[in-house]
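Letters A, B, C and D mark the chains as written, and numbering starts fresh at 1 in each.
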């Protein structure tokens, strides 16, 4: 297995620049997930690593070797496509063995490797079927098998689960995680589903408009976001953002007044005390940190205009459909009904502050 | 999708209309070829032949060596088909999938090939073939047929290539397959139905060509079916029976061939690429 | 990707060279001929510049032929589109025997042109044909109809025969376009209460437009160049009533022994068609699928 | 370079005696009788007189056959200038166009074959043709006694002319040996006992050009010729005063090739029959066309 390093990559399609200077590194055997809203350039970045898109500038190196302009096949990588991209006219075995055949490997040797991979993915009794005779999940596994057989330095996944139904998606997610553990391979995985990102990734790269917003472990991004975009993107449902003002400083924490929630003097510890305390800030608090029935000094009452009951938990919305709505996570058995109010506790330790530019304070 | 009664009635009417429009003329010709001369040109013609005779066929095979024309036509049509495909497939793949300067311009000039009145090509081509000693030789016809079938074949193959998802080709690139292998091992098998359709198009174009064949071929032994057939039309007297027999015999082989591969032609057109 | 550019040229070169030799070079020859005064194939000819062009352009028979060519192309386009569309729509439906119909509708296109000519010359003839007696028995006419007797009936009959030969091929091209329209569009429209006509107007027609566009361009070029059916049936008659440009070119070259004049007419015809094709294909490219 | 006439073809008027008797008329001698016969015979869908009106060689021949019987034999003057545009020619065209009214509607696309098919299917009562014997015998009733043939009626019934071709074989070669061989072959062909067999490849169509050929036993022995002896004798007699356009008093003018190739004689007829021009206008335009084509 090998590590992957990108430095200052640029790429534009015609006039629009899609990748505007991306640098990152993936350690050998690390599972790195590129995540971000659609159109942020995550797939393009993956295709640049694969060699399917030419990089305008910057370098890509795998295992220390500069492969920026090398042919895809010679980069020591394998890719699993969103649409599986299996050869419809070839059997499962031929599909999986095609790469090795191209590399000039003899037939018996090839068949051995294909059989091994098939066993790993329990595809052994489908080897001579055609792709159209398989289910979505099976086809996905054949696509993965095709990648495994090449024993690449780096695996590339391009939203491989988006075409599967919810239940199968969970199952395949666990299989990919197990695969990563068994092979210990370096994997680069692109998805727009942040649940996949949180569950699979050793390291997450959040991208927006062709630039890296933040790189870090799932928990790091969840609990220590660098900016408002990352804070809002990671975690579902989204973090609440409320306008607030700073009334003073008290033993290392900023005293925050939130007129909208008639809350005042909330002591929030910034990540780093700014030289001059800003007058206005944005308070960020996750729905799951607004706990029902908590004692604590700081409590707010929220009007329930919509409630979603998911069984174990329920979500309360103060202004459903409006971006500025406050969302609170309540116990599944909560008796709150629409047009009633509920009082929830605010835990200052779980709050975040962002300046007007959206940067974390 | 079930259809309302009105639509069904319209459907039956239209189908009946086209069965008559396409089928009836051929029925008249084939049935006519077995009638005695008097019945063919009788002033009140018969739908179902009352008389039966094989005299026209006998005269046909005496007056002209039809089997020779048939063989010549098959040779010319088959080789035209093979040569057309050998030239069209690589070109269509390059035009469609590979990016190279002047691609759009070259592709459009190829289609312009149909802008020339074929007659204008006849004169200089005859001169060219005469110089290289190709006049009165079957390869000359093959060259002409391929020239006229090639542009359309390239265009048709291009639309079939459009049916192959781009990811499949990218997967092959990732698998380390060089361009020519991608064409041979991946693209050609996937557009096989399309290739069958283009092959049949080239075959039929060569099979039905008359003008060039009538000018370029001089000796009777090298004539193709259309020219051989027009030879028996004769100016001084019209023997409808002989003509109908000739027409029937000219139809039979191509109908037989089409019975075998016709379905492929249509499904190729409609499905295009293997899904 | 550099080497694929070189490879692309290797793949395209054979086809291009072949077409250049068999079509390109003859056109150059034709232009050369049109600037000389060659009477018969092989005879020498002096350079006369554009004399041929001025003579041809001032000769009414050229303009008549050009006009007849336009009439020929338009009439064929209309009739073939109507027949082909009807067949394509029918063959797109599911009914018993549809597979057989799809295969055998093409019968008229796979038969040699000369055979088509003889079939229809016999059917339409006043002595021994089938159509006239049937018309008389049905009381539609008293005396046999001369289908090739007057310029307009001759042209109409020729257009019918040419379209009879070509419409099935065009229909299958359209059918190829139709089958690419996903079924769920029609199901959605049906649920929205659209009747057969509305479904055709709002879904089939717009989505079929690209295919129709391309067929119109190529169809026009192929149809313009039809020569054998006209020559074998009416040889441009009666009284020049069906003398389209290709027929005029053939007559001038092989009957009038005025090769250069024929070459001039064909160069002019080629320019006319090229202009049309350039404009039309550019318009199509904008609407092209990929 | 040699040109040796091998066989002769001349046009005549063909009819069925029974049809004429039934209508109570004789074979027409004058144009007036011809038109009357054509009119009388045009009953219940039958065309009294099958005349072509196609821009094609057959129509050139039939029009010219009427012209030679109307005093318009010559197209050229002695000095090679054109004299096509003259009252006799106009008169001949007027008569032909008038007679064409009794022909089938599709006469504008006729060649020789259609005329014979029309005659053998009884759709035409009379046709002008080199010979109908072959089709009459195979496709019609083949009753030799009923088949009538007569010289083409002349304007006032005087001497009857017709168009006749002395078809020749041309020997072109620089190689002496080949020339000798072909000469020997041609003379062998014209030997009376071979000449008959050669002529009867198309019985009733090819007529002998040599006196001894006309007597040759091999000619008359052919069963078809035997059966239609009377008609063939008439055809040979009528061929005595055969004429051909473009041959004024023996001399010929090369421009006739282009005129004949573009069928201008027939084209002139179509301007009358199809485009509705008057005979005088059409003939004048015809001469202009000949002028244009001739240079």
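Some points to look at:
The rule we apply is simple: a contact is a pair of C-beta atoms (placed from the backbone, for glycine too) under 8 Å apart; a residue touches a chain by one contact, two chains touch by 3 or more.
These numbers were taken from a predicted model, which means no experiment stands behind them.
Counting hops only between chains that touch, chain A reaches chain B in a minimum of 1. The interface with the greater count of contacting C-beta pairs, when B-D is set against B-C, is B-C. One finds 96 Å separating the Cα centroids of chain A and chain D. Each chain gets a centre from the mean of its Cα atoms; for chain B and chain D, those two points are 42 Å apart.
Centre-to-centre separation of chain B and chain C, using mean CA positions: 15 Å. For the pair chain A and chain C, the distance between mean C-alpha positions equals 58 Å. Of all residues in chain D, those that touch two or more other chains are 45, 114, 117, 121, 123. Shown for chain C are the residues that touch two or more other chains, namely 1, 127-128. The residues of chain B that reach two or more other chains are 41, 43, 233, 240, listed in rising order. This structure has the following touching chain pairs: A-B, B-C, B-D, C-D. The touching residues of chain C, counted against chain B in their complex, run 1, 4-5, 7-9, 11-12, 14-16, 18-19, 22-23, 25-27, 29-30, 33, 41-42, 86-87, 90, 93-95, 99, 101-115, 118-120, 122-123, 127-130, 133-134, 137, 164, 168, 172-173, 175-176, 179-180, 183, 186-187, 190, 196, 214, 217-218, 221-222, 224-225, 227-228, 232, 245-246, 249-250, 253, 259, 262-263, 266-267, 269-270, 273-274, 276-278, 281-282, 285, 289-290.
Residues 124-128, 136, 142-151, 154, 233-241, 251, 255-257 of chain C are the ones touching chain D in the complex.
Chain B meets chain D in the complex at residues 37-38, 41-43, 233-240. Put simply, chain D touches chain C in their complex at residues 45, 53-56, 104-109, 114, 117-118, 121, 123-124, 258, 261-262, 267, 270-271, 274-275, 293.
By the touch rule above, chain B contacts chain C in their complex via residues 1, 3-4, 7, 11, 14-15, 18, 21-23, 25-26, 28-29, 32, 40-41, 43-45, 86-88, 90-91, 93-96, 98-101, 103-104, 106, 108, 110-121, 123-128, 143-144, 146-147, 150-152, 154-155, 159, 162, 179-180, 183, 204, 207-208, 210-211, 225-227, 229-230, 233, 240, 243-244, 246-247, 250-251, 254-255, 258, 262-263, 265-266, 269-272.
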